[in-house]
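I've put the structures underneath this note.
Consider the two complexes below, in which subunit A is the common component and subunit B and subunit C are the respective partners.
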Partner chain A sequence: MTINDLFKKHEFYLFMVIISLSILFTIYTKGFLTLENFLDLLTNYSFLGIMSAGMLVVLISGGIDLSFTAIATISEYMIALVIFNYHGNLFTAFFISCFAGVILGSFNAFIIYYFKAPALIVTIATLNIFYGFIILVTKGRWIYNFPTWFREARNIYEFTSGNGTEYAIALPVLLLLLVFIITYIILNYSFLGRKIFTFGGNREAARRMGFNLFHMTIFVYAFMGLLAGVGAISHVLIVQTVQANAIVGRELEVIAAVVLGGASLAGGKGTVLGTILGVTLIAIMWNGLILMGISSYWHQVLIGLIIVISVISSAYSSRKSILGGAKIDVE
Partner chain B sequence: MNNIENKILDIQKISKRYGGVQALKQVDFSLKSGEIHCLVGENGSGKSTLIKIISGVEQPEIGAIIFIKGKQEHNLNPIKSIQKGIQVIYQDLSLFPNLTVAENIAVHNYSKGNLWWVNWKKTRKLSINTLSKIRVNLDPNRLVSSLSVADRQLVAICRAIATNAKLIIMDEPTSSLARHEINALFSIIKELQKTGITILFVSHKLNEIMEISERVTILRDGVKVGLFDRKDIDDKKLAYLMTGKKFSQEKLAEKVKKEKILLKVRNLSKKGNYKNINFKLHEGEIVGIVGMMGSGRTELAFSLFGMNPPDSGDILVEEKKVNFKSNEEAIEAGIGYIPEDRIEQGLIMNQAITSNITVTILNKLLNNLKMIDNKRQQRTTNHWVDALAIRTSNIKDPAKTLSGGNQQKVVLAKWLATTPKILIMDSPTVGVDIAAKHGLYEIMKELSKRKIGIILISDEVPEVLYNCHHILLMRKGRIVKEFQPDEISENELSNKIIEGLKN
Partner chain C sequence: MSNNTIISRLRLLYRSNSTLYMLIVLLIALTILLSILLPGRIFTLGNFQSMSFQLPELGILAIAMMITILSGGINLSIIATTNVSGIITATILTKFITVGSGNSFFISVIAVLTGWAAALLIGIINGFIIAYVGVSPILATLGMMTVLQGFNILYTKGYVISGFPPEILFIGNGTILGIPLPLIIFLVIAFIIGILLDRTPFGLSNYLIGSNETASYLSGINVKKVLICTYAISSLLCGIASTVIIAHFNSARAGYAESYLLITILAAVLGGADPYGGLGKISGLVIALFILQVASSGLNLLGVSTHFTKALWGIILLIVIGLRNIKLKK
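Coming up: the complex of A and B.
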């Protein structure tokens, strides 16, 4: 890759924005550029990062999923159920959480594929179904007082610095890393991943190629569900509480991060590196604004703006090509 | 069955019925190994159905016999057909714009069930080898979305070759190519032939058929009406066999009386679109603008219709200077525009024919309650259906149920309903049958008699030569030459269009 190619890359600009914002926040706030803040951010955003990897795959396939936060919420209650009522261990809790995610994700895929229904509408509907159902069953009860072994499972490595501050690397951070690596390998090196790109780029052509669109749809939404399950266990490990309204409502934050990372809502486009940078940017913005004492409502405004701007820019480029936007080399 | 071994494909007694329509009736068809064969016919003649049967997408009725490479095939399906070395390049090319050239060429590997992982080195190598087979210089790392239509076509051909295809079927491959690109495509087809690949070229463009084919099979209304060696046929005979009608092509005899100027364009320029455009359009005059895609002709048309404001220069409608800010103002001033892309820009495909025809004049169809008066809407529609002889059984059917020619007539009706003085027609006969094409030409002549001025944009030389009073040649955003039709022949004009491209 030449220097020129580098400047054309979306990821390069994102990286520059992240660096400039970091410099800005370092100058204007106290405590932005500290190891403590860095580890906190990484831990707190790991579960959103995990789900953004799932969303990346969904967007590349040309679909969308808004129900994953509800799926993650159901998974969280499943974790609590396994631990409190069935004396499960970390492994069974993890397994059940993921299993629930895969089942619910597949349910989305079935409806989307068999009824040829728009994914946006289907998953808004299932968001309500899943969320309503879990509130109904649990009556919105908070669950805390997790056993000690579960609290201790949160961190995998702890250390103390010279001045006595305690640091920890959390298990969710490791999961985040694993999820990004696996997603990268699937998207870039497996036939399945490449077929998902063809599916998002030109569905009819993928059909003519003889690719099994049903398998792909199932995989895409089940993978999103699986990562909602992984996200759920990460979230519960971090906050040690299960609460019905903790995650639902943050769908757009995930979508914004992925779209910011260069994925297209029209499908066929997106990279893992871009997604990582998108999540990083959103995390840094959120964190910096808090440290600067700016109202958290601005955060929501920003998320909304990011989505609007990215939709406008893709609509603008397609409009340009319709309205004789082709450059003619006039002599 | 004489020397069946030399035939890569031999199919007999092929019939196919869709509902009440007999798409194919007892058709026999065969391809010699290594030949370039043209399958011709109008829309609805059964060409597509025949391709679908060969590619295994559709099954023929009982009694059909299919031999591929001398072996009889029962229950042909798409996968079997591909395994037998048959590849179809569809009109839309079926490429993946978001992927690289290399990956598009090697994409068939992904359907191999026994492998899981992509070998990027092999993908790249396969694409480079295939591209060099047809001597094409394309960067395998480029995204297909950044390629021109012609280059995309090459990628589609490479993809077919990469599967070791023995028979490549090209469905209307030239429909969105400019003349010099068609020439390049033809030399590649001949190159492929040298490597032993059989080509089935599906088309309804007479000049191309005469140019490339060795043998021609003609279908009409689902029946095979002939199989000829090219030397035994000419384009007049071909047109007759395709349509069952005789057509004459003559240059317009009557000169227009240049009494009243409808439209005058003075020094019109827009950066990156066109420069210093000057011309006049008189009452009843048909002015042709020829030039290739990318010559700025469509951009100019958009400007005249208020959708692409020029940077400088004047547009005068009936001697009055106009400065359109939107197409609404252009319509108000009496301009109609029939777009190049009928499906995307000309029609609302899923809406009723009647809604499409009256969409431009809804405000004239309101009753006292300011609601659309259905009866008047139907009356208006019926008027235009009769006047333009639009063939439909029900005006409430969606526009997509019509053939290309009838769809174009609906677009025409919608603009005529606004009683325009000036009509801009951008490539109006693309994808339209010969018979329907001549129907459109007749309508144009009739409109010209009724003093409507027409700007006909086209890249088909005969179309412009035989239907215009005055011809403007555009190249790279400029009008480089003007002709009277009687000053120039078809060949000369064709050469003028591609001139200046070589350097």
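Coming up: the complex of A and C.
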């Protein structure tokens, strides 16, 4: 790869933005560039990062899913149910959480495939169905007082630095790493992954090549559901509480991170590296704003503006819209 | 004219309006069902009154959603736009009207128009981002929604802005000849937008863009201009809805009408709009709104939890989409 190629890459610009923001925050705030802050940030954003990998696959396939936060909420209550009522261990909790996610994700896929309806409208509907039912059943109860073994399962490695500060690497961070690696392998080194790119880039071509579109739809949304389940157990491990409104409403943060990373809503485009950078950018922005002491009322406006600007700039740079494609030169 | 042609004409009339007839049958069936379940409670004068005040707010927003769906897009920022417009109007009303001075009518007009202008501007920006920059309508309006919601919370800090002059309150609570003013406003808007979609070049272009954007472009339609108009009108309708809503509640805040987003999509699709664009009529939407209003009043009187109602709207939306698909296959 030459230097010229590097300048053409979306990821390169994203990386530069992250670097410049980090320098800015390091100069203007205390405690941004510390190991403690870095580990906190990594831990707190691990569950959103995990779900963004699922969103990446959905967007590449040309779909969208707004219901994954409700799926994650249901998974969280399932975890609590398994641990409190059935005295399950970490493995069964993990399994049930993922299982619930896969089932609900497959439900989305069934509806989207058989009703031939836009994924956006279907998942707005299922978001309301899933969330409505879980609130109805649980009455929005908060669940805490998790057993000691569950609290101890949070950190996998702890160490103390020279000046006595205690650091910990949390299990969700490991899960995050694992999820990104698996997603990378699926998208780049498997036949299935290449088919998903075709599926999102040109559905008609994928159909004529004889791909089983039903299986692919199921895979894509079930994978999103699975990662919503993994995200759910990560989130419960980090905060040690189950709360109905903790994740629902953060859909946009995840979608924004993936779109910032260069994925297109039209499908067929997106990389794991871009998604990692997108999540990093959102996390750093949020963290920096808090450290700079900017009122939390401003956060949503700023995040919204970043989304709008990034979406505009990425659309502007790849102006291969339908209208542009239809130009006919007549000599 | 022979018997045969009359029958075939009737059949044609039925086919071209089959969605509408189906909806009317559904409305009648629902009415009968609810009168059996809730004898003497659902169809009372008081309930009719409250329904006819609730329906217009949802109705105007549903029209705003519908015209963008017809063009093959979607406007997810309608609720946020409505609240921005309402908050701006409310700010001007509460800051500049002093008790006792005779300027309240003039300032009310200015306040309402400023609110509408703000909504119109938001719509033009949406349309510009979608048509000229080429951002997908989902992302553009989702981003806009976040910015506007952020603005609303930032500006109001979660508080309520209240205390409006009687001129404004009349818009939301007054009646003319016994008919609630909001209902009249809604019906007038439905009529105007119906004409606009059915009988004008703009309306036809909007439908064509919804069914095939490339073909519309190649047949000489100024796609960009039409899309900007579509989103501008959609946003302006949000502005009008905001006036009715803040007048009805005598207050404005960041969170009004939040639960309406799903229901506006539901109303449009139930009313016969194709979720991919290009098909759908305002008449269908109006009947669908009556169905939803009667159903929601019924559920409310039956004491069903609001969370269940929300889930139920989602289920109904899926069923409607499924039934549409079965019908299309035939």
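Heads up, the rule we're going with is that the second predicted complex is superposed on the first by the 305 of 331 C-alpha atoms of A that agree within 3 Å, B and C clash if a C-alpha of one lies under 4 Å from a C-alpha of the other, contacts with A are read in each partner's own complex, and residues count from 1 in each chain.
Just so we're on the same page, contacts are C-beta pairs under 8 Å (C-beta built on N, C-alpha and C of every residue); 3 or more make two chains touch, one makes a residue touch a chain.
Everything quoted here is computed from the prediction, not taken from an experiment.
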Who does A:Ile27 touch here: subunit B (first), subunit C (second), both, or neither? neither
Between subunit B (first) and subunit C (second), which does A:Gly201 come into contact with in this model arrangement: first, second, both, or neither? first
Would you check which partner chain A:Ser190 touches, where first means subunit B only, second means subunit C only, and both and neither mean what they say? first
Regarding the shared-chain residue A:Gly268, is it in contact with subunit B (first), subunit C (second), both, or neither? first
Is A:Gly210 touching the first partner subunit B, the second partner subunit C, both, or neither of them? first
Residue contacts on subunit A - larger count, subunit B or subunit C: C
Hey, what residues of subunit A end up touching subunit B and subunit C alike? 322-324, 326
Counting only contacts in the complex, subunit A reaches subunit B at residues 188-192, 194-195, 197-198, 200-202, 204-206, 208-211, 267-269, 322-324, 326-331
For the subunit B and subunit A complex, residues of the former touching the latter: 78-79, 82, 90, 92, 94-99, 103, 107-112, 115-118, 271-275, 294-296, 298-299, 302, 307-308, 344-345, 476-478
Quick one: in the complex, what on subunit C touches subunit A? 74, 129, 133-136, 138-140, 142-151, 153-154, 157, 213-214, 217-218, 223, 261-262, 265-266, 269, 275-276, 305, 307-315, 317-318, 321-322, 325
Over in the complex, which subunit A residues touch subunit C? Could you list them? 64, 111, 114-118, 120-122, 124-129, 131-133, 135-136, 252, 255-256, 259, 265-266, 297-305, 307-308, 311-312, 315-316, 319, 321-326
